[in-house]
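Chains here go by letter, A, B, C and D, matching the order in which they are written, and residues are numbered from 1 within each.
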Amino acid sequence: MKPLVIVDPFFRRMPEIFRPADLKRLHAIAEVAWARSEPMPEAEREQALPEAVAIVTGGWRRYGEGALDRAPKLRAIMDVGGSFPGPELDYEACFARGIRVLGSAWAFGPMVAEMALGMALAACREIAVGDAAIRSGTELWLHKGNRTTFSLYDQPVGFIGCGGLARSLRPLLVPFRCPIRAYDPWLTDTYIREEGYEPSGPEELLRRSRFVFVLAVPAPENQALLDRDRLEMLPRGAVLVLISRAHLIDFDALTEMVLAGRFRAAIDVFPQEPLPNDHPIRAATGAVLSAHRAGSVPEDLREIGRAVVDDLEAILAGLPPRRMQPAIPELLRRR
Amino acid sequence: MKPLVIVDPFFRRMPEIFRPADLKRLHAIAEVAWARSEPMPEAEREQALPEAVAIVTGGWRRYGEGALDRAPKLRAIMDVGGSFPGPELDYEACFARGIRVLGSAWAFGPMVAEMALGMALAACREIAVGDAAIRSGTELWLHKGNRTTFSLYDQPVGFIGCGGLARSLRPLLVPFRCPIRAYDPWLTDTYIREEGYEPSGPEELLRRSRFVFVLAVPAPENQALLDRDRLEMLPRGAVLVLISRAHLIDFDALTEMVLAGRFRAAIDVFPQEPLPNDHPIRAATGAVLSAHRAGSVPEDLREIGRAVVDDLEAILAGLPPRRMQPAIPELLRRR
Amino acid sequence: MKPLVIVDPFFRRMPEIFRPADLKRLHAIAEVAWARSEPMPEAEREQALPEAVAIVTGGWRRYGEGALDRAPKLRAIMDVGGSFPGPELDYEACFARGIRVLGSAWAFGPMVAEMALGMALAACREIAVGDAAIRSGTELWLHKGNRTTFSLYDQPVGFIGCGGLARSLRPLLVPFRCPIRAYDPWLTDTYIREEGYEPSGPEELLRRSRFVFVLAVPAPENQALLDRDRLEMLPRGAVLVLISRAHLIDFDALTEMVLAGRFRAAIDVFPQEPLPNDHPIRAATGAVLSAHRAGSVPEDLREIGRAVVDDLEAILAGLPPRRMQPAIPELLRRR
Amino acid sequence: MKPLVIVDPFFRRMPEIFRPADLKRLHAIAEVAWARSEPMPEAEREQALPEAVAIVTGGWRRYGEGALDRAPKLRAIMDVGGSFPGPELDYEACFARGIRVLGSAWAFGPMVAEMALGMALAACREIAVGDAAIRSGTELWLHKGNRTTFSLYDQPVGFIGCGGLARSLRPLLVPFRCPIRAYDPWLTDTYIREEGYEPSGPEELLRRSRFVFVLAVPAPENQALLDRDRLEMLPRGAVLVLISRAHLIDFDALTEMVLAGRFRAAIDVFPQEPLPNDHPIRAATGAVLSAHRAGSVPEDLREIGRAVVDDLEAILAGLPPRRMQPAIPELLRRR
């Protein structure tokens, strides 16, 4: 008799996160309850809870109070939504009972990092604007088309936030030999230095970087961290890559300054999505714009399913999960 | 009395290739003749030749027959145009006299490789087309905007040509973990394998690569190497990056196939430049287009001057040059 | 008023693990109780417990039952002995109360890995036996002295145990390009493969490796894992590096087989230490022998103190520790 | 009709440098003359010269004056002895005729570098002396046996000579994170810096390195480069690894200072070989000694044969050789 695992990924759909091969592995090691793209009906859920050893979920919110109590055999809650369960989950109870709470944010790191690099290169080498010029017949050839371009090689880089996205982005920058300053109030300077970054306050970071990547997870303490005064500190002609959340920036100031040609930007996230049709950033030639597309490449999302099955293999064998991201008590308390 | 070096870089201009700091180093080690952006007048040149130990030139063609004979102290000819002196130079005489002929093509490697990567990412992640969509108010958000995107990670890559550009591009792909097939008839399979590539004929390479980078130097034997039949072998949805010369491809076939949505392309070089205004490729949404801008980033061109001075330092000290690219007899005979 | 930290490292001595600079950092962030090399007297300890937020200890055993209860502010127990507190610590209570239990085994990884590599090279290149030959005047020169030597480059390697030591050893082997098989029943095959090893049973590993490194932590289930029958599977002339614990091997069989010239060994750990004076392994010319010296290089032990202070900095700032090794519930249950 | 290649490797023997698989490849692409371990008899040689396109030789000296003239089709002379042909070869004639002169010194790089690392680790971790102690029953266990040991990690390293051996040694040191100073009068400081070393005079190098590796090829200008005064500059307790030639050092001073415990040494090459039986270095406990065994590991020597065949493949196809080391005119003039 195989252990029971609830697979209830909504708002994700099953094929969005599971490859057929991983589903097959899953069925080989566990009895699987539900495993459909629609939300699991409450009656079925309640029937499964008493035997469930793991719950794979896209929204713990649906489970409500007491669900933990009704699942005495539970050993893992595995989020597939892109983060961790919210405050509806009683984390302290989970820690006390030894229930692993595992997040999926790490799975987005590689694809978001790739997009960040691609957009940064598009900004400094003027790839999007150059492409548009050819389409409108206004392109300039050779040197004439490169008057304001520059390369990423050896440029000083700044990371606002030094967690999972930074971990994915950094190796992509290694061959470009960029020295990297990092600002992250959730890490000690000692640790940042030992990781090979130069720890830095946000202002020194802005002043001394040619490329700034905004990679931090939003939190109350970092709202509009990059306000107008700080954006003024960016060197003329720098590139600001906004890839985690618009929450971290004064977007109006950003818009004005890019429109004024003060620096360039590569922007995947906006304070309001969809972006209003008349938002002035849509016309900024100094920006590379993307409609929040960094983290939803179809094939890459299926790494979530693979890691879920990898970690279920481990947990069911009495071993620690090593692929997904365990919830860290100290950081939860900061949210 | 310092040794005499002729610096006659036309069609390059002096500040295009020399940073002030490198010019200063140059004047510290050599008497410098001319060193202006205009072509050196014949009379001045003839006066300098008898004492010149090195000639830095953007066009050996101007020097004409017999110049070698009139420069008995010559130890190096250093091209700054981007390649090697053409057939006007008597290479056999240079080899016999121990005159180093040094080329500058290597200097373009990093910036061209960066552009190749940037355009490849723009193609698979739809960065340029996504940017244009926002500007026209037709963008699709999140998953909806990613229906046809894919990542570079782990994708099979093919290199058409495995020389200097490949050497610069390859490290940029390392963090993406792409296995690379290489086709290069100027290298033995044994050597290609020992360099860590999978040696491959052009057809197998096209059939099995998701990204193909065209990196080869043009030569009579590779004209239209990628003809219509071979382009048909590319997997549906692949990305072809044309970055060295359009000479290597049947551009009409390429245009048709990209317009038909058969595969994607990233194109920096064209059979005719400037590209005619009515060329159909200008309208291809499956292409990322650039007006031959990969190899002329202003700051990066100045690496040429730095290497010229580095190698002059070596040569004047009786040491071998190690930064510029020495002419290779076997390859010259193949041109 | 700074938070109180108990520093009671006995059996370690203070200067053995703390550099002066790290002690200074420690005093800057905490009120420090005791901080002497002798065991902390019970009375002082009892006085400190009620206020202590962290305990740095070389032997939790001394603290006895109830100590946890008498330390209501405790947030971390930091072992500096080389492992984790034993079963005298109520781990479940720690997990329930959110007390971090941090181990120091990781600190030994680099120095043990270096010794493992040094001894492996000494074995295959016959460095110790060659040195002894020169001292006795019996050395053979050049080729004659290399009849049975071989290199590590490209050789198939096997890791018995794939935890912290493996993590430290592996980068040292990267430039030697060795493919590595790994056996570790505490990890899933999927994980091992994703880490870049070839997962393998112990027998296939022994049969197909030229160098085998024994790196596993001792546990009931791996006693004499490498018994006589399995040692017979090693290829003739292979090198077995025994560096974690003799517990994992049938040492009598190992001794006999090395004496018989069946394979070579590099041995740092023995079933009885000190090794009896008449133990036959002492005369084995096919072995490189070391008196359990891999993990006690003076300067390197002080990395423990540095990490203790790094993690205290984090914990006192309400951040997760990231340098020492957190206790993993699933693995504790297996001990 | 396949092209004719003379294979006359004496003093090397055929099986010493050729694996059967490489011999097979050789016979597939060329008509092979001689190919035996004894020196080729003069009559046979003279008969072969007129048609020979390449000569693989362990001693060009045997060929005598005029041999070049009698080989009008010659395109390559490939040394398999370990270096380049001596002054008996008319290099200028070779350069003038476009005959490639290819050396085999590079082939020794990896195995010599491995031995240099192994001996350096044996010195700092006291592997050989610790092994001898166990054999004599005088070993000290654990900390007591490590009072004077230290690790290679992060230690400042100096390279005397920055050519082929350095190129092989450096990657082995990368995981140890050692910053490297390099002294090499045959390279410009600019080049050394661009390679990632810190250029340095010999005295500063000695003063500031914990490990010094002597890697230079002997030349008139570097005889006893490390004389008594300079050896005095080494930090107390440093490790000097003498691996290229004793020519570079005042060996008497070295012996005295190691016997006096001033620093440690790892020595593979001696001013007189075999070393006299009564040489005092034989008794130095601060030294690791090896009887010139770094460069003659049997399996590794066969890389020479593989590279010979690789490059013959290229040359016979009209392509440049890329595996062996081409003679560099500027450096030949310095010998």
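Basically, contacts are C-beta pairs under 8 Å (C-beta built on N, C-alpha and C of every residue); 3 or more make two chains touch, one makes a residue touch a chain.
Worth saying up front: this structure is predicted, and the values here are computed from it rather than measured.
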Any chance you could name the chains that touch chain A and chain C both? none
Starting from the Cα centroid of chain D, hunt down the chain whose centroid lies farthest away. A
Chain A to chain D: how many Å between their CA centres? 50
Go ahead and note the Å separation of the Cα centroids belonging to chain B and chain D. 35
Give me the residue numbers in chain A that touch at least two other chains, ranges are fine. none
All pairs of touching chains? A-B, A-C, B-D, C-D
Chain B residues touching chain D - in the complex, by the definition given at the top: 92, 95-96, 98, 186-188, 190-191, 194, 310, 313-315, 317-320, 322-323, 328-331, 333-334
Could you pull out which chain C residues touch chain D in their complex? 110-111, 114-115, 117-119, 121-122, 125-128, 130-135, 137, 139-143, 145-147, 149-153, 171-172, 174-176, 273-275, 277, 282-283, 288-293, 296-300
